[in-house]
Amino acid sequence: MKIKIIAYGIAKDILQTKEMSYELNDDSSIGNLKNVLLEKYPKFEALASLRFAVGEEYQDDEFVLEEGSEVVIIPPVSGG
Amino acid sequence: MKIKIIAYGIAKDILQTKEMSYELNDDSSIGNLKNVLLEKYPKFEALASLRFAVGEEYQDDEFVLEEGSEVVIIPPVSGG
Amino acid sequence: MEIKIYNNPINVEEVEQYVYDPNCGGIVTFIGTVRNSTKGKNVVRLEFEAYVPMAIKELNKIAETIMEKWPVKKLAIHHRIGNLEIGEVAVAIAIACPHRKNAFEACAYAIDTLKETVPIWKKEIFEDGEVWVSAHP
Amino acid sequence: MEIKIYNNPINVEEVEQYVYDPNCGGIVTFIGTVRNSTKGKNVVRLEFEAYVPMAIKELNKIAETIMEKWPVKKLAIHHRIGNLEIGEVAVAIAIACPHRKNAFEACAYAIDTLKETVPIWKKEIFEDGEVWVSAHP
């Protein structure tokens, strides 16, 4: 299935793009996506945290993605 | 001996004057002055607190007054 | 540090700008305003009176204690006296610290202690009378 | 309550005026400014980026939690994004409570939580490079 990945902050630098589409196995979870990303972009390993949002909400590793899901990568935030 | 009393806030209302001179026994302390004032102006009894300052500093009951001392009556403060 | 007591309206922005420090990431401010009612009674206006030289001294003590207790870089306390209308600023305290936790603690300490020790008095004027605030238990 | 994220300079006075409540005796404000250095290195400017719709949602969650936990009357959080020069205001949080202790607690909670949960990122631009703040442990 195809999902869309949107990246902010340092995640955008690591992916070298703001948005990309990505091919994943059906019924993949956020956890599966995370593993795939960590393998393909080892720089994610070095971050202090790595969170993901779908539907403008943080989602945990168990969250199951579907065809067309938009997943936002949330590297360590630093507002304020 | 003669001292000067200066009053602020509700103390001014109770004494009905901002300043007055007052005759006290020699070597009277703040504590003695307080007793005299409480007797003469019983409304001071009703206050939440009654403090005294000499030389722009709070002084306790033991502080000994002298001829010409300027004693400021500090009723409960309410700044801010 | 900047300690002031005066009759004119307080410019909060000025107080905050005074403490701005390029090494500090944050400023915590407390702004005390004149409330429109006390125990359900409408306040028409307030009158603030201070024993100014001693009030300045006591405010300086607060500032010095803060400088000792917390790594405060800059601190300003402005207190107004005279007649104040509802909503006007009676006091503005601004504190800049490298760490915001300290700035919150120091600012709370400043206003708490000010209300205990600084010889300033306020009288609430109602339509049918007036009361020296906190005078009676 | 008023939650805003925008590109233009933050007018702190406006933020404070928004929360002014005639029933409250005090306003506590936190103003976050751009520091001139990090670990001894000179910062030239900062760039703030936000995932705006989610950041607004997360700021609203903070505001709602505060309204539940403390008797806060009014609350405003303005966060700036885009390019900021040294000394410019990145965030202003103002809170009005009947009791100042609550306002201090609520304001500290707001900025602490903002820094943990709200998807906003800042990049420090040095003369010889740039760093996403807090990205690495």
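Just so it is clear, A, B, C and D label the chains in written order, and each chain counts residues from 1 on its own.
Operating definition for what follows: contacts are C-beta pairs under 8 Å (C-beta built on N, C-alpha and C of every residue); 3 or more make two chains touch, one makes a residue touch a chain.
Predicted, not measured: the structure shown is a model, and the values here were computed from it.
S.K.: Computing the C-alpha centre of each chain, which chain sits at the greatest distance from subunit D?
M.R.: B
S.K.: For subunit A versus subunit C, what separation do you get between their C-alpha means, in angstrom?
M.R.: About 48 Å separates the centre of subunit A from that of subunit C.
S.K.: Averaged over CA atoms, how far is the centre of subunit B from the centre of subunit C? Could you give it in whole Å?
M.R.: 26
S.K.: Can you check how far apart subunit A and subunit B are, centre to centre, with Cα atoms defining each centre and the answer in Å?
M.R.: It comes to 72 Å between the two C-alpha centres.
S.K.: Quick check: what residues of subunit D touch more than one other chain, meaning two or more?
M.R.: In subunit D, the residues touching two or more other chains are 32, 111.
S.K.: Quick check: what residues of subunit B touch more than one other chain, meaning two or more?
M.R.: none
S.K.: Chain pairs in touch?
M.R.: A-D, B-C, C-D
S.K.: In the complex, go through subunit C and note every residue touching subunit D.
M.R.: 12-13, 16, 20, 22-33, 35-37, 86-87, 100-101, 104, 107-108, 111
S.K.: Report the residues of subunit A in contact with subunit D in the complex, numbered from low to high.
M.R.: Of all residues in subunit A, those touching subunit D are 6, 8-10, 13, 46-48, 53, 56-58, 72, 74-80.
S.K.: Along subunit C, where are the residues that touch subunit B in the complex?
M.R.: Interface residues on subunit C, with respect to subunit B: 32, 48-51, 53-55, 57, 79, 90-91, 111, 114-123, 132-137.
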